[in-house]
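Input: a single structure, listed below in structure tokens.
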Amino acid sequence: MSEKFDVIIVGAGPAGNSAAYTLAKAGLRVLQLERGEYPGSKNVQGAILYASSLERIIPDFRETAPLERHIIEQRLWMMDEKSFIGTHYRSDDFNSEPYNRYTIIRARFDKWFSEQVQAAGALVICEMTVRALLRNEQGRVIGVEVEREDGKIYADAVILADGVNSLVATQAGLRKDIQAGNVALAVKEMIFLPKETIESRFNLAGQSGVVIEMLGSITEGMVGTGFLYTNKDSLAIGVGGMLSDMKAQKTTPVELLERMKAHPSIAPLIAGGETREYAAHLIPEGGYKALPQIYGDGWLLVGDSAGFVNSVHREGSNLAMETGRLAAETLIDLLQAGKEPSAVNLARYKARLDESFVMKDMKKYQNIPETLHKRRQFINDYPPLLNGAAHKFFTVDGQDKRSKEKEIIASFVKRRSLFGLLGDAYHLWRATR
Amino acid sequence: MSEVKTTKPIKKRKIKLDENLLAYRGVWVYIESERGHVHPVSWELMGQGRQLADQLGVELCAVLMDAAGPALDAHCNSAFHFGADRCYRIASPVLSDYRNVPFTKALTDLVNAHKPEILLLGATTLGRDLAGSVATTLRTGLTADCTELAIDPEDRCLLSTRPTFGGSLLCTIVTLNYRPQMATVRHRVMPMPEPQPERTGLIVDFDPGLIETDIVTKILEFIPDEMRDKPHLPYAEIIVSGGKGLGKADNFKLVWDLAHVLGAEVGASRAAIHAGWIGADRQVGQTGKTVRPALYIAAGISGAIQHRVGMEGADCIIALNNDPNAPIFDFAHYAIVGDCNQILPALTRSFGTYLSKPETKVVMETAKELA
Amino acid sequence: MHIVVCIKQVPDSTHIRVHPVTNTIMRQGVPAIINPYDLFALEEALRLKDKHGGRVTVISMGPPQAAPALRKALSFGCNDAVLITDKIFSGADTLATSYVLASAIKMLNAETPVDIVFTGKQTIDGDTAQVGPGIAKRLELELLTYVSRINAVDRANGQITVERRAEGGVQVLQTRLPALITMLEGSNELRFATTPNMFRAARAEIRHWDRTSAGIEDLKLVGLKGSPTIVSRVFGPTPRAEKAVQIDFDPSNPEAACEALLAKVLAESPRVKKELAQRLPGYQED
């Protein structure tokens, strides 16, 4: 291929599309290569769209993007075998435009996003798998090689947006292979129900929606979470656990999901629905400490391929969009000023990330993965303890309240010991600082 | 075919025929004969055609096109045995081997002359080639690969049912204000009727005026298939079939082992063939072979419609599948939910013992290794 | 040489289900594909182009969403693509479809004379195998179906020799060009698209023809109006009235289930018992 582009982007997920769109809009010659049959074919997500990140890229996205429901209620459930103790926040403020978060269906959304990218002037080619990065004698990345005849394509810079597996980055030695302790294996199903059923079960009207995030017994001792989101006429339900835990416990994600669906608080919500679409995917969970080098001579990593996921708040797609956009803006500044995309110059990408919520949040929660992994009590002890406490507290059975209190405290002390309780509080405080 | 449940039906159309189309009466079956033999699908269609004709109160006519001679005459007699009231006989040397142009001309001229309301052909390579050309020439409706044919009592129309959407659903198709209503049916979908040797009928000769020099296509040669180790699936009485649920190619061996002990033919689902686990000539299903065995054992096959229509006529269906929700359990006679790779060797042993096969020992050893 | 290949974009059928509550056909977010049988036609056309030179034009009748299928066909090396699309074409059965495609091919023929038209053997969603023969009849092309091999193309004399699959053997046929050929599946293997062709396809302009550009003379012959057949019902089968007899399977004792099954089958199915009896050693046919 004698043709040369300004930037080649590997991957057409949210990170890649954000970068491609931003670059194309600025008039640069962009080539985007996607391994799958169509953009997003390899993507799996819950999925939640964070408007604020997309607004910074396509301000008027609401006019044409396929959106399911806007979220007005967030529920956090801490689950035990037969119960949950939860916090709900619903606000009518979330019901006024412009809406802050939406549920989306990945296949449709990615298709739309890619159409915008192409309309902005980028050349998008699917079923093109990048085999390797091309480098010059000095080791700078100058393009990619694809798995087809005559497959060398040149560019000033390459943005790797090829997802959690990031075969290209791994092969190029830019990051390590996936570590089982740094990724979660998650599965999800789409369960179809009539619009009216969803609205009545979740107390919704019009296009408003609910998000439920879950912890506790549903992950059966593994570090992980579950979720249930409302789409227009379907529910997205899923659960995931650390890959290392899954392997150790020899659980399959399918089984995990089946048992979760049978939970007495979850089963009624999905009853009568038809399951269609089952998908599984890996999610980066290593956090800040697992981030690789994210830039170099002629290359940048964005999105899941670098591991930009906030596992505490379950945010990934907005980080993907932010990093994609910031990578693009960095390159626009450099290339339009005639400067080389060398490692030295590309350091500005990291600087921009440091200033943004992306790195700030990643840093804040950098100790969570380790804390949860080492200190299983947060997954194994607290959910049943808290559920037990609530049960005792809310059961009216003739026992006087003071003794109830005592029993509750005793149960905590018995399970964790006074020293342990203090320690847990301390570790939790430290992990979230 | 089993009972079917309607989802929301599309608005029922009252089919009003033009004056000139009311003259179209009679059920015709095209009898496919090549190199002296009639393809059995033609007789199967005669059986079905007889039922349709009886329901409509009209004649059943067989159409025979071939070079003149004793074979052609014998075929006409067979047609009467299988229920024809009348045989249209077109004898010409131009028709001794199949070519699209002369056969299309002959059949369309005959249709225009004698006007049947229904014309049925077998869905063979010849039948599909001919049916498509004839339907286009006559500007009429054709429904291909039907699994069921019926008459609508209200308006006397032909209701043709066939799988759709790649074989996940069924649909019923009707031909509107056009005649004849044409349909093709695959071999073994309809049962073979019993011939009645005492039946006779009327032979009507027809000459479409074919001239060899008018035909541009020439047959240079015919290369017969070698009588290799071809599977005889369509006529097998016991079949063991494997599907994607077996997990991997190696596990197909368990299907072969059981088939060997049972003296059965081996079949496969479309998915297993697409995965390359076995040759395409063993596909059972709508786009493969239709079978009507006494016993059909399906291992790791989900039972989607396109497979179902190919084997539903089996007397006894035993389904083995890991997934308790597999559609095959909806129409099987016996169901075992579990790992096929464990069940198959156990069945091989059980049947082996029952059949006291001397080779059973060898097969059992292998089965034990795999268990 | 000018070769025209007709393709159809079809839903990826494995994902079709009927919604249990609303009874609508659900096609979940899965892309449509080029009818797999058409790919053999496409490859054969490209092979003839490689050998004899010339152009390959790929065409399809469909909604605007069918354009990606044509683009994919371009990526294998076709020169030109035309999407014949117009609201009035919708609801077409095979008769109406062959009318539209034949009209379009007539228009292409006026641009550059067409030597061969290829179609796939049948579609995976319609399965009728009728459109090829229909087009041939309308354009008075010699029809060669189920072709497994093209032996020779004699351009000087306008003749083609092919092998055609028939029952029990192969016919070797020779006929005059222009001809319409439907290719048998498995007759060749589709090439891997090269990078330059992928780029060319990604950038190509796909011509869109409406009823006028496609040269439609009689609007009564297209779409739903021009279709003699109509689908009156779509349904899924219900389970049989009698449920399957469940045999419990315990992996630690597999023999129990098999013995139980065998006993039941022999007791309840006389035809099976008879078949098995014929396979017992020492069986004498009486």
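Going in written order, the chains are labelled A, B and C, and every chain counts its residues from 1.
The definition used in the following text is that contacts are C-beta pairs under 8 Å (C-beta built on N, C-alpha and C of every residue); 3 or more make two chains touch, one makes a residue touch a chain.
Worth saying up front: this structure is predicted, and the values here are computed from it rather than measured.
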Per-chain Cα centre nearest the global Cα centre, belonging to chain | C
Report the chain whose mean Cα position is at the greatest distance from that of chain A.
-> B
Between chain B and chain C, centroid-to-centroid distance (C-alpha), Å = 19
Taking each chain's mean CA coordinate, chain A and chain B are separated, in whole Å, by 52
Here the gap between chain A and chain C, centre to centre from mean Cα coordinates and rounded to Å, is 40
Hunt down the residues of chain A that sit against at least two other chains at once, touch-wise.
-> none
Residues of chain C that touch two or more other chains: which are they?
-> 17
Could you please specify the touching residues of chain C with respect to chain B in the complex?
-> 10-14, 16-18, 23, 25, 93-95, 98, 122, 124-134, 136-138, 142-146, 161, 163-176, 186, 227-241, 244-247, 249, 251, 254-255, 257-259, 261-262, 264-265, 269, 271-272, 274-276, 279-281
Chain B contacts chain C in the complex at 2-10, 12-13, 34-35, 39, 97-101, 104, 124-126, 128-129, 131-133, 135-137, 139-145, 159, 162-178, 216-225, 237-238, 262-263, 280, 286-287, 294-295, 305, 308, 315-316, 318-319, 329-339, 342-343, 345-347, 349-351, 354-358, 371
Tell me, which parts of chain C touch chain A in their complex?
-> 17, 19-22, 26, 28-31, 68, 192-196, 198-199, 202-203
Contacting residues of chain A [partner chain C, same complex] | 1, 3, 37-38, 41, 105, 107-108, 123-125, 127-128, 146, 148-151, 153, 190, 192-194, 274, 276-277
